[in-house]
């Protein structure tokens, strides 16, 4: 890295390292992304349960964290998920107007409208990060969203952006 | 105040009296009506029956010329007004439409200068001055203000007056010293072109308005639209004959009454050109010299 | 050292056929913190639960993870189970390996791997779980009903009958509401007063009901079980104890003003009861109309009163009373049809509203029950009814349907035909909506037996011609314009929220919709609850309703109140937000995002170490911090995300717990 | 209000008026501290000045090197009830409004002396105008008790989110996603997490910052690019809808990271999405993320 006119610029070495992050050719076609889902317990979690009750099949890529309301999903959790190696994140809750807590998802919507723009601004592929309203009766929608998300991420390969790949045991491990 | 004056097609033909009277009184009231250069037809009733985009693009070109000059359009005709206001509204409320319209007329148009009806212009900027200029208040004249359908509708963008019970013309009638009558048919449809195409339906509509004006005790009707004027004035005689009793309700443009009150000669205001004799009432009331000396033109 | 036990359920073959449960249990043993792990065919069965309890005791487990079906299914079951073994129920976590794993996947290897991850997440979270105890709040066994219309009266009676004390607050001098003004009720046509007044008397005589009339709710503080409500008793200037209700004062009062009860169609004195059967039947002085209050002279009522009950010095009085539950039954008001220019902006005296008509046909109304038109007192021969005035009209009124108008218009038209010989009743309508028991039959009777003419179409204009009203409208079935020469026009005006509904809702802490009707907590499943625990809705304040629906809803609200009051105390869900006041900067960002108004700021006083910058040493400083009312908090966690420092956290779903889940994979 | 507006004929007169106002306030014991600027030890530098004695007021100056946004010093007297007078430029005045909105500083404890700002020079290259002045649209303070009204005020963009801000953003927005990632990772890798940007930020007014906590451990204590990214992104979200674009974060950064780009991106997004005015233009505003409209844009169906 060099300093040029008071601004940092990348030198070639850096560009090469970052630019050649893992591509489709380096992973198998049957590579499965790892997707974290934040699901509100009144709508999306119930929708996911309904998908189960209806035996709707979808890829094994998702791991669901149950939260009381999508309004509980701090954007910080999302960044943390990417740091920790998830390849995609889905934040899902009740449709606006249907929130069990009356207004929670309206705040979610505002916050994540900004969050999605910020993530894209720093280079996160929008296909990896999705916010979606899935109600308790939308089992098929849960299946569809998860399948779409998996299919969209698979060709992108594992995520390296924002990911914590450094040897944290040497310098960054304190407090972990 | 300077405005881009958009006469449209009727003000030099069927609505000539409106044009004459407006041009005559405007300078006296400090209003500069600068005729919009190279104006084109607004499309009025035919374009929007054919093609929605065309109906927006035609007025948009005129509006864009006005915007180039940095002027608001002042529009006498209610139909032109309606089309221009509709265009302005469409451009303001949809960025997509805005882009489309600009590409069609091949020049920028941002709806920066609000479209105004001539009626609105007078109401907004000359009512005080009018009071000073009145030399012959029209005391004792009972007039029915007739707005027709387009002056205050639809409410989405014709936000100048109450759509069910408009008041602007009534205010002018009062300002010139006459007495506006209260009646229920201020905004009833005059039939537009239908009295020609479907005389049965059309004449019933005109008849209803005339009858209600008569019942209300009005001695004349005051309007602000060349189409309304045309229907109420020109068809009046035939309708009177049909029922066996003439109506005898002269129809004036509000601009004409303003002119009379300011002491302008009726010929200059086109009052001699009406179908229903409009001079006799004014001379009977002694607002103008007696009929004999003024009636050169007579009914056209 | 925390010791987690992992219990994997086969759910028969529901889980076991796509997930290798034995392998799971083995793998779980290697997870950090796991001291014991096993699997079983049916974990939720008695032997399964016994197995868990035994393992807790034998292995000294202090956290339990059950990998089974959805927590929405059996979380409560397993919480009870671990509690039975002496563990706090909130130390349990469920890994959902059925609905969200075995049922939705078929590849056994992948499904097992996923189930392993799900258990890993649950263990990570369980390790961060802490004991949670529900807080207990006392329930004050007294209910408040706001609004003394039919809904409020019914709710008060139903609550009082079960033995609880009820206060019924009404802002007018008498209870009774709109129903007292109505003449007859559809579809039975029994007289409104005949069915309402006995209920009013019941309420007045009920040992458990206190009627607080001519009073308004000023302020509501507190929360479920413990509302402190400040009520303003407006000055009546008549001592209710001394007054015998003889009515002599009203007869002799020289000041007259329009009677609100008679829809301004007749006059009432300044010292008045709104109607003869009023309850409480003690008059009040309308200070705006009273000659003494306007000029300082008169006092006729005081002189004439044999029991010396009139007191001109009477002042408004504020009382604060504690209640366990509140029923809001503040009713509705009517759309002002004067906004309709085409119906004459209210300038035609013979264009009246449906409620005006009720008074005109009422035997004790201004015309003694003879239908006479207001302009000249003549009996109208042709009466036109227009429905949906202000309803289903987005331009001038409201989008919604007012629900009762179809029926009462049919009733009015029937009455016109019944009471006036050779009369004609014409109804302009958009649709006929009669979705109630015996409603359609009632409407058909109006058409078939009473010969009411129904015209499908809107009226575009009403105008006067030679002293008659001309109603100009369209018959959309015949496709033609029609003119009706009418003697009187009755408008079925929309029911709308009270003009002060929004202000009132903010005052007591409930929400309202775009039309200012109060929001129920769930449109289908919680129709009488509000989002604020302990506050319930009855009647038309929640949306347009007719009498049967209002009464039914009042009964439902009363049942909810009784269920609440029947307990001495109430356990609240311990999953609530908690403030770390050391970290809280008092910015108050949590306050507006809380839908339950559960967060407020309180002031702390602290001694500072050293001195304030550029100030004296050892000064005390004050600072504000957030405070969560556990009775009101419902545990949504919206506040935690708006708290940048993380001073607010949600118990049961703490930042640490969620991060542990994220980090575990 | 008008008698509290003091007209000066040019920027050279500002310092003199400042001294007079400060002296009066201290002499009349209206306030016990005046926060302003004084001449620094180096040429072309001015430094914050904290004046408690009226005879010290002659130190006060205003020139094109008064970069420091002084408002954050008020937090050090939070809760004491002591009265403080503070000088603010147009840009600083909004951060003061922000502090009042965030319930950190009671408005009645502060005497605000506004200066309609003639513009600053770049701190590290004192011959060119400061970059932040090019995006400025509030050279006249939005809130004040006294205003020193100078005719040669300088504004850059004449409206929020003007062309300059867009031009800056487009540098990043024109990159591909991978290029953006590389760009930001390079930036964040350089970050030494000294927290200067946070410490100087007037809207970072938390009592305890979440990045200082050990539990939960949002970021590790070591220097790690991933954690650095987390820090910058989360800080951008925390100030979203509250950032007043004072640019202090970028000024104090020892390695010149373009921190303001993240904030500008969010400010402009807020304007586009929610049609809200810029943060803290007046005392009655509510922060963007503390409110919502049912008709907010819907992208998540």
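By letter and in written order, the chains are A, B, C and D; residue numbering begins at 1 in each of them.
Heads up, the rule we're going with is that a contact is a pair of C-beta atoms (placed from the backbone, for glycine too) under 8 Å apart; a residue touches a chain by one contact, two chains touch by 3 or more.
As the structure is a prediction and not an experimental result, all values here were calculated from the model.
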item	value
Chain whose Cα centroid lies nearest the overall Cα centroid	C
B-C compared against A-C, more contacting pairs	A-C
Chain of greatest Cα-centre distance to chain C	B
Chain B and chain C: spacing of chain centres that average the CA atoms, whole Å	53
Chain centre separation in whole Å, for chain C relative to chain A (CA means)	39
Whole-Å gap separating chain A and chain D, where each centre is the average of the chain's CA atoms	33
Centre-of-Cα separation between chain D and chain B, whole angstrom	57
Chain B: positions in contact with at least two other chains	none
Two or more partner chains touched - positions in chain D	217-218, 289
Chain C residues counted as touching two or more neighbouring chains	593, 642, 655, 659
Chain pairs that touch, as defined at the top of this document	A-C, A-D, B-C, C-D
Residues of chain A that touch chain C when the two form their complex	32, 34, 36, 41, 45-46, 48-49, 51-53, 55-58, 60, 62-69, 71-75, 77, 80-81, 84-86, 100-104, 107, 111, 143
Touch list for chain A against partner chain D, complex	1, 6-10, 14-15, 18-19, 21, 75-76, 79-80, 83, 95-97, 103, 106-107, 109-125, 131-133, 161-166, 168, 170-176
Parts of chain C lying in touch with chain A, wherever the complex brings them together	70-73, 96, 98-101, 103-107, 110-111, 113-114, 117-118, 121, 511, 519, 531, 575, 593, 595, 634-638, 640-642, 650, 653, 655, 658-659, 661-663, 665
Contact footprint of chain C on chain D as seen in their complex	32-33, 50, 52, 73, 76-82, 102-104, 205-210, 213, 215-218, 238, 286-287, 289-291
Chain C to chain D touching residues, read off their complex	582-589, 592-593, 601, 606, 612-615, 619, 621-624, 642, 644-647, 654-656, 659
